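First the structure, then my questions, so here it is.
Going in written order, the chains are labelled A, B, C and D, and every chain counts its residues from 1.
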Amino acid sequence: MQYRTDLAVESLASVRGREGIEEQRRGKYFRITEIHIQNDRAGKPLGKTKGRYITLEGQPLSRFSDDYEGMAEELAAELRTLLPEDGCILTAGLGNADITPDALGPRVIGKVLATRHLQQELGEEEDFLRSLRPVAALAGGVLGQTGIESAELLLAVAKQIKPAAVIAVDALACSSLERLGTTIQISDTGIAPGSGVANHRTALNATTFGIPVIALGVPTVIGMRTLAEDLTGRRPLPTGQDMMVTPRDVDRLISQAAHLIACAINLALHPQMNYADVAGL
Amino acid sequence: MQYRTDLAVESLASVRGREGIEEQRRGKYFRITEIHIQNDRAGKPLGKTKGRYITLEGQPLSRFSDDYEGMAEELAAELRTLLPEDGCILTAGLGNADITPDALGPRVIGKVLATRHLQQELGEEEDFLRSLRPVAALAGGVLGQTGIESAELLLAVAKQIKPAAVIAVDALACSSLERLGTTIQISDTGIAPGSGVANHRTALNATTFGIPVIALGVPTVIGMRTLAEDLTGRRPLPTGQDMMVTPRDVDRLISQAAHLIACAINLALHPQMNYADVAGL
Amino acid sequence: MQYRTDLAVESLASVRGREGIEEQRRGKYFRITEIHIQNDRAGKPLGKTKGRYITLEGQPLSRFSDDYEGMAEELAAELRTLLPEDGCILTAGLGNADITPDALGPRVIGKVLATRHLQQELGEEEDFLRSLRPVAALAGGVLGQTGIESAELLLAVAKQIKPAAVIAVDALACSSLERLGTTIQISDTGIAPGSGVANHRTALNATTFGIPVIALGVPTVIGMRTLAEDLTGRRPLPTGQDMMVTPRDVDRLISQAAHLIACAINLALHPQMNYADVAGL
Amino acid sequence: MQYRTDLAVESLASVRGREGIEEQRRGKYFRITEIHIQNDRAGKPLGKTKGRYITLEGQPLSRFSDDYEGMAEELAAELRTLLPEDGCILTAGLGNADITPDALGPRVIGKVLATRHLQQELGEEEDFLRSLRPVAALAGGVLGQTGIESAELLLAVAKQIKPAAVIAVDALACSSLERLGTTIQISDTGIAPGSGVANHRTALNATTFGIPVIALGVPTVIGMRTLAEDLTGRRPLPTGQDMMVTPRDVDRLISQAAHLIACAINLALHPQMNYADVAGL
């Protein structure tokens, strides 16, 4: 039995160096690890499909930092490598805005600049706004709130507005304390069933959508039993229920992580903007 | 030039009694007026399509009342007359959750019981929950937040989940001070372009959706110039900009109106529930 | 070394039955334990002053329950045994409203009926409101927000309004998982330095205030290392920092616990009101 | 009968140029008017005490502006002229955080840097933080929430912490549409009974407090009947109730005005900080 984690960097620890699994390291503001699973066969023992998993590890996102600008730009640059060059992008916030550790997605989307409607609306004098890449931004809520599975809702919207790609932001679970609230994961494999704090049931990926689906998330919860084993080296007795826990300062974690990620998305989508432009949105 | 209002009871005042326009009165907790425009020809001079416009007038919704239960049941009964007997209902909250006078729709939807997913999910022992009519609930945000017109978003969702009807809740503008925050309007004509506090651009009605679209709203704003003429009997000078204003206690108006309307929607959709069941949702 | 807990029922486990420590059990909706430390000598080994510690244990407060009315009345009855019969009560919400697990106090105070000003204000016709016991309600914020220690702020207010007693509500830390979010503690010993989620520095008790100070709290956080030892039976390595964690559904825990406690305080202070009166406040 | 306004620039319009009333104009980012009532005799016909009333008029505070930095610094400079050079400052947010147009005071205080506790707490290595002027920050709520009049609460706190001056921030009423949401008023005369959106009952001024009390406010509401007369030139019939109204975009007005004022207060109190330091607080 393996503890649950949504982080590839944790679940792939045991297979590093195997054939078909390539790893690169880089980064200035973050320690960046890119794991490339080159084919589905290599990923199979791990329950992962082929694709690129980029992990950015740094200081606790709930702490104040002087490096926000550099961090946002570094994250934007990583994100840009996974995006198509042109076309409308549908940004989607998964998760429940009423449950703080699960609210990362909706909070990010609230700060993403929606521009898809500007080209029809604006006159020619507003050249700058009209020059922006078309972006739609949706945080529709989770299944228990809407009666509609997140992937089903986004699929309906994608059929209607025909974006070139989706960026889906979600809060994640991890299995190692040191990554809780310190790590950002980007992947071109989308979001698998059973992942995320709110446990999505349907795949949200290139296979179901027919376009690239970039997933972006931060671990905000950890299983209590995982945590106990991580700290003591001993597995808890298999009694009682597991429970997801979150740091006491989760409000600040969500608030600051959402701001950083939204800045990075806006920078990645609009190269004509700089950090000062997007930081106040 | 006529001042803007979303209330049929105001815009139709001048044509009452004409051929093709029928009026009925009833109600215990509210003074209820139903105006039935029997064909498009009769509605044409007013810019209204044929359909039923039900207005419920009462005490200020921002005040405390001992009659919530009776009010919710009376509103539910009116709403039920416009709904198909069976099939999934898509409830939609229009408006911007971040602008208090425009937040009625999202606030109502937050309290509507989403049940569409329960039939697949629940085991046979949970007979009560499985017996509930399937309901989906969505408050996706306004064009400036999402880059997607509300009607376009809902049309995409309706194509996907194929509801039997839509209930769309929105904050409205009125032209008479006495109706501000005291009136609820229900109509089977949907939502016209240019209506609502946030000014929808695309029709959300039976023609575009192919199923009944029930609109439900409360006036929460009034044009400043309308208000001035209403109070003084003199038309303001045609200088300066008009501005929508709202009562100082708009937070309480939205909070209490949202609670009442959500209770009524839940009662209308689930006759097996009573007020005590829905009041705590 | 003992793990930190604010619950007497946990810290006193080892000395039960000793001279000067009396224990009683009762309760219908909760399992109620009252520990009475009869003199300071008996409490000394535990760092506790003499006084009564009443613990109410039940189902998770974040879950829905059909028993709210009975729970609120049982809690009110316990609280009433510690209150003076007459005179103004100053209710105080400790903690930081911006940090969810620490927001219990401010959230309770937002629902406590403030009545101290009604006697001067109201005319004779409003007999019911004028008959209510005078109550003041304050949630001033924590030291980092205000620059003023909570006890210092409340002492200043108490000097001004001269209440007969203080009820101070705070979020607590516990050391046993089964009590996290399931337990309510009431005590007539006030709030000690170092206790509470936000770590108060100055005593808030009968000695410093010269009047009874009733403390009421719910454990909403647990030390991560305590949790690990509780689950595995092995003490974590003494490396790294400890961190307070909270359940993923802390928003609902705080919301429902605040509602229950506020109902109980309003019932305890105003015997002329019943549950239906206070539940909607 | 005169319509209600809290703005000296409106109530003093008729007496400009009289003996004992001096007027100065200045400003770059705002049009600044300082009215100096030199003695109580000159102020008597207006119900105003002697003192300085500084009005800063500009663009709508709810709109986006590129000039925030200049505006904050100009406001800080005006505020600094009324403050004592040394000593602890008690900043106070009047008004009700739950009623948007009345929430200006609490929202400002949430962003004021509280420093009074830092000198005792911090070690010598944290020279910068220890060098900051001691500031306390309190937003205790209004009479209906607390049972304690705002002035009474602040007086109790001032006795305890003995500040050199008070800065009290409040939302105001105005009688001219063009000043609604566009004007900031600073005064060294404190806050008079009957003023502010929530209608304070007790004076909060140098006479009652024995130290300078600086009032700072923005008009966020206007009387409906005042508005009607302002627009039509005709007085409304003296029937029905008056009602305070507020612009539809009051959420953004409060949010942006609170940010600007908090920046200005932080800059005025800590000359060693610049706009970039305070803008992110």
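Couple of notes before you dig in:
Throughout what follows, contacts are C-beta pairs under 8 Å (C-beta built on N, C-alpha and C of every residue); 3 or more make two chains touch, one makes a residue touch a chain.
Bear in mind that the values here come from a model prediction, so they are computed numbers and not experimental data.
The minimum number of touch steps separating chain A from chain D is 2. Taking the mean Cα position of each chain as its centre, B sits at the greatest distance from chain C. Each chain gets one centre point, the mean of its Cα atoms, and the points for chain A and chain B are 36 Å apart. Taking the mean of the C-alpha atoms as each chain's centre, chain B and chain D sit 39 Å apart. Shown for chain D are the residues in touch with two or more other chains, of which there are none.
Because contacts link each chain to exactly two others and close back on themselves, their graph is best described as a ring.
Every pair of chains meeting the touch criterion is listed here: A-B, A-C, B-D, C-D. Of all the residues in chain C, the ones that touch chain A in their complex are 98-102, 177, 197, 221, 224-225, 227-229, 231-237, 240, 243-252.
Looking at the complex, you find that chain C touches chain D at residues 110, 114-118, 134-141, 143-149, 152-153, 155-157, 159-161.
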